[in-house]
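As written, the chain order gives the labels A, B, C and D, with residue 1 at the start of each chain.
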Amino acid sequence: MVKQKSSRNRNVAAAVLLLLAIVSWSQADLFGHELLAQIAILAIFAMSLDLIAGYTGLVSLGHAAFYGVGAYATAGLASVAGWPMWAVVPSAMLLSALLAAAVGLFAVRLIGVFFIMITLAIGELVHAFAFRSRTFGGDDGLGGVPRSNLDAIGINLLDPAHFSLFTVIIAVLVYLVLARVVDSPFGQVLTGIHQNELRMRALGCPIRRYKLVAFVLSALFAGLAGSLTAQHNNFVSPELLTWTTSGEALIVVIIGGIGSLVGPAAGASVFVMLSHQLSSLTDYWMFFMGLFFVIVVLFAGDGLYGLFGRLFRMLSNVGR
Amino acid sequence: MKEPLLFVKDLHAWYGDSHILQGISLSVWQGRASAILGRNGAGKTTALKTIMGLIQRHSGLVRLGTLRLDELPAYRVARAGVAYVPEARGVFPSLTVQENLTVSARPTQGDWSIERVFDTFPRLAERRGHKGKWLSGGEQQMLAIARALMTNGRLLMLDDPTEGLAPNIVEELNNLLRDLLDDGLSLLLVEQNFEFATNLSNEIYVLGKGRVQWSGSASDLIANGDVTRTWLGV
Amino acid sequence: MQNVVTEVSQVFLDPTFLAIQFLNGLQLASLLFLLSVGLSVVYGLMNFINLAHGTLYMLGAYIGLSVARGSGSFWLALIVAPIFIAALAAVFHALLLRRMQAASPMKQILVTFGLIYVGLDVVRYIWGDYSHSIPAPDFFAGSVHLLGEVYPSYRLFMIGLGWFVFIALYYGLERTRLGAVVRAGVDNREVAMSLGLNIELAFFLVFCLGCGLAGLAGVVAAPVLSVYPGMDMSILVLTLIVVVIGGPGSLRGAALGAFLIGMFETFGQVFFPAIASVIVYALMAVILLARPGGLLPVRPS
Amino acid sequence: MRHWWYGWIVGLGLVATSHAEEVIKVGVVLPFSGVYASLGGDITDGMQLALEIYGSEIAGKKIILITEDSEVKPSVGLTKTKKLVFQDKVDLLVGPVASNVAGAMRDFVHTAKIPLIIPNAGNNLLTGEKCSPWVIRTSFSNNQINGVMGPWLYAQGYRTLYLMAADYAAGRQMMDAVRRGFIGAGGEIVGEEYPPLRETKDFAPYLAKVKAIHPDALYVFFAGGLAIQFVKQYHAFGLKGEIPLTGAGWLTSPLFLPAQGAAAVGFTGALNYVPSIDSDENRSFQAAFSEKHQRTASEFTVQGFDTGRLIVEALKVTGGETDDKSALVDAIHGVRFTGPRGPFRIDPATNNVIQDIYIFQMRQVGYNIRHVVIDKIENVQDPPNGCKM
């Protein structure tokens, strides 16, 4: 009962956010579309992280590894190996998921800070590989990554407006898939594990297997976000793989409201807009960003989604 | 009857989203024992922890003598005179037996001193230099009680003290607690062991679904088959 | 070419060479110990991960820089900076941490990550973007001859300081009442509180002490490493690794972790330069695989 | 024009861009935060000084700089570039400092056909295989600085060399250039070491290795905090008396020299500029800069200064017209002047600068530690290196 209500609220919020995105899209100029695409991609990345961090309680500081593998695989398969894009994107996602499966096999045995650190280590190992790889241009990165080709259905992804719409649509699809996952019995088990692991274990739930599946699923979509970012920038570099990229994704999730899917998507738009605006205004933009993080925790404990919920309740009280 | 030493009224507590204590009331009198009985998940441990201040109290009254406890943090509750023996003993594994006893000692408040503890528990005296983690289950229970006594509180709260103990140790424990009662200490007991609890306690509170479902004397409870079947499954 | 390779490897197996490298490893271990011990014990007490710990190290270095420049005395800087950082930690605790005691780890991450950002720009605003250095004190400015090699005496001072702090903390933790309270709190915070121990106060003191040690590390490192905005991030991850592989909450764990990382960093760079940048991550992965709670866990997992 | 959309979350006051018709907009993408913030600041200071000296108004149009922070992140640098082009509609671009950011920007400006003048990033590929008619570099290539040092060191009598640089593309490229030159001249490389860029906090393990092998000279490239640490540790471990220290000249840049102090004395380096170059152009430049900023101008400042001057001179040729980008680039190719670092021009074949390389030694002169020029290789010009435009 409570569950149904919370997922309905979440879907309402998602619809509001989508409406905002559509309005923004219709109003945006060329650069507006660039930012919108950036937001949509970060939203996908953050939602994928929310599945493990928010719903399963696996806080990862290495999620950038899967994001980066998606991006590098896209660059490698498309511009180095010359595969067609319709094969590249799913392969990139699969590669991310495969890495997650390999890592997850032993990582999900760890909890708390140990899980955080093992994911960080994996992230750094992948980063070090990309940083030194001649094939991928080392730390200078690799350019010339193509975008998917949807000319057949009349969409030219080289046009920023088309590309931003494309990324928004994918973000919506990812939201729908993940929402189904978290509302499913599988998702209920994940939430149960998060809330009380011991009880779930006592009930005979194969906890590690559930965690592993969530981890792999999450990496799959992180890989998709990475692939999109490689296509958006036409460029990949080890920057995508640093632990601060993971850290920022985590921040986006928390700002938005952890464990709400739609919150992290909203967090993505706030993060992108705020960092873009601030860094244009002042060289000391990090100061204000940092202050903003602290203020969010102090005054909006549950992030934007929590604020939205409060507003929603207030409005409905007024209406009564 | 006189005013109770511990007086709890309509105590509520939440654990995240779940409303675990939905308004419990109970009392413990000077020199007497009260016991809380109930099935697993009935909220027995939560009740003790909430009284202790380890779980955020939502509303309700907790009073020790004339002192309000419900606003105080756990360490102030302890210093006010509530001695606590937690579930699974909670012996500090990296402290020696002696350190376990002295770290929380408040000798100025009463007459339990390290010497008296070692007189009462000669086994602990022998092992005073050992780390907590090397003790047997029975020794750990002795240490946990001795450690609580060292705080020289007026009320001793024990959470499932007989759990996992051999019958002869349970017997020993029973004698010890009787001696303490005779000394004028008050007890609040959470128990799974029906016999142990009813044997020792004057007042019994049966907890179920976060509420006190029944309260009365031990003999009344033994006589009341409905209550024991419905709420204790005995 | 072949000739050069064999010649080289023989040089590297020379006992003097290895001894010098061992000292280098100890020196790095010393620094990492100063940084990680506070973080580790604070985590053990309150499950609180302070990602801004590196920021305090950086601030310590900069305050040391200003004091050393203003007074001309390294030793004054070595005393003032840690005290200042400890005081700053107290303010930080009063303003922020107290309200966040019950907050989820995620919120702690967000706040301390935010403080990394804030701290970085505060340093840039006050001291600018340029790199600096503090000269070593005159007494340790030179080099000593050790096993027929030249070795900077300041590095020996760093090693000595690391040992001194370790012994002092060991004594404090094992032989004092506050130490017993801290250990009890790390073992089982709830039980410690319910026995009347003011764990929040102990946490506050340990937190300030740990932060002060991070400030001390900043000053101590400044004559060897340079002082620049961003020096916090470059040490933070290593520090976290030390905490985790040692086992959070344990003084001996922090010391063991620091020793291992110091040695693996140093000898890894000598013998396996190709993988030097990832060797500590690999080490951590292997250790956590074998012992999911770190090498010297305080609480059995 | 900015849309309301940009402020929908923060509602912060937006930067008002000038709507005057008669302006020439130069978009500047440099690091103003992060590890290279000091370089970004130096380059901007240099450009502004050039605009003051050589005129910021051309044919009645004012040149304005719109700066954006690259944060030394390729993706951010690219976003800022797109912002400057799409939103501010800049006429040309200047930036960045780091080669990875340049790599991310390169394809975009190449496709958009917006001239990009690089005032620092030295990756050989940018004016080699990945050269573009629209990408012009006023600073240097990694080959250009280091290529001359191999033969020069051999000529000084050194026969064995040990190379050390941070483990990233720039470090590798610089060491490759030296290795080629030194081996080509007949010398031998007896060891190479590439400490990790980020993790290195201590050079002690490497220094002990160098000491054990004892080459005729050590050749290094480090910058920033690493440069300070390296020089001080080299001194502390007593290598200074034993093994001569040589390298790419950034090691003792004026940015790092105050922190290095006397430990820097004895270093022999090659660079496109040192503050002590003995020429009227340099003296008046340094005087003008230190009057304004009360410090010594670095090589980064000079790169910014020459970039600013190049833009002014080229715009004078086009009469302030910027719509025809080809004409603008042609004008850039035609500019020739003698600046603080000597004769300056752009090589139309690669778009890389042709300049003198100075070989200097750090010496104690009175109370000061100075870059003393001991040799000069004139008009160093990169071969096309696969550049086809």
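Convention: a residue touches a chain if its C-beta (ideal position, glycine included) is under 8 Å from a C-beta of that chain, and two chains touch if they have at least 3 such contacts.
Remember, predicted model here, so these are calculated numbers, not experimental data.
Chemist: Just to be sure I understand the contacts, which chains border both chain D and chain A?
Modeler: Of all the chains present, those in contact with both chain A and chain D are C.
Chemist: Taking each chain's centre as the mean of its C-alpha atoms, give the chain farthest from chain C.
Modeler: So the chain farthest away from chain C turns out to be B.
Chemist: Mind having a look at which chain is the central one, using mean CA positions?
Modeler: When every chain is reduced to its C-alpha mean, the one closest to the whole-protein mean is C.
Chemist: Provide the C-alpha centroid distance between chain A and chain C, rounded to the nearest whole angstrom.
Modeler: Measuring from centre to centre gives 32 Å for this pair.
Chemist: List the centre-to-centre spacing of chain C and chain D in whole Å, with centres computed as mean CA coordinates.
Modeler: Whole-Å distance between the two chain centres: 35.
Chemist: Round to the nearest whole Å and give the separation of the Cα centres of chain A and chain B.
Modeler: The computed centroid separation for chain A versus chain B comes out at 48 Å.
Chemist: Based only on mean CA positions, could you tell me how far chain B sits from chain D in angstrom?
Modeler: 73
Chemist: Which residue numbers or ranges of chain A touch two or more of the other chains?
Modeler: 131, 283-286
Chemist: Residue numbers in chain D touching 2 or more other chains?
Modeler: 33, 37, 167, in rising order.
Chemist: What are the residue numbers in chain C that touch two or more other chains?
Modeler: Residues 121, 124, 277 of chain C touch two or more partner chains.
Chemist: Could you please specify the touching residues of chain D with respect to chain C in the complex?
Modeler: Residues 33-35, 37-38, 41, 167, 190-191, 193-196, 198-199, 201-202, 204-206, 208-209, 211-213, 224-229, 232-233, 236-238, 255-256, 258-261.
Chemist: Once bound in the complex, which stretches of chain A touch chain D?
Modeler: 20, 24, 27-32, 34-35, 38, 131-132, 137-144, 160, 229, 233-235, 237-240, 269-270, 273-274, 276-281, 283-286
Chemist: If we count contacts the way the header does, which residues on chain C are in touch with chain D in the complex?
Modeler: Spelled out, the residues of chain C in touch with chain D are 4, 8, 11-12, 14, 17, 20-21, 24, 27-28, 121, 124, 128-133, 135-136, 143, 149-152, 154-155, 221, 223-231, 234-235, 238, 265-267, 269-270, 273, 276-277, 280.
Chemist: Inside the complex, what are the residues of chain A that reach chain C?
Modeler: The touching residues are 53, 59, 106, 109-114, 116-118, 120-122, 124-125, 128, 131, 243-244, 247, 250-251, 254-255, 258, 283-287, 289-294, 296-298, 301.
Chemist: Considering only the defined contacts, which chain B positions touch chain C in the complex?
Modeler: 49, 52-54, 56, 73-75, 77-79, 84, 86, 90, 92-95, 99-100, 102-104, 106, 132, 147-148, 151
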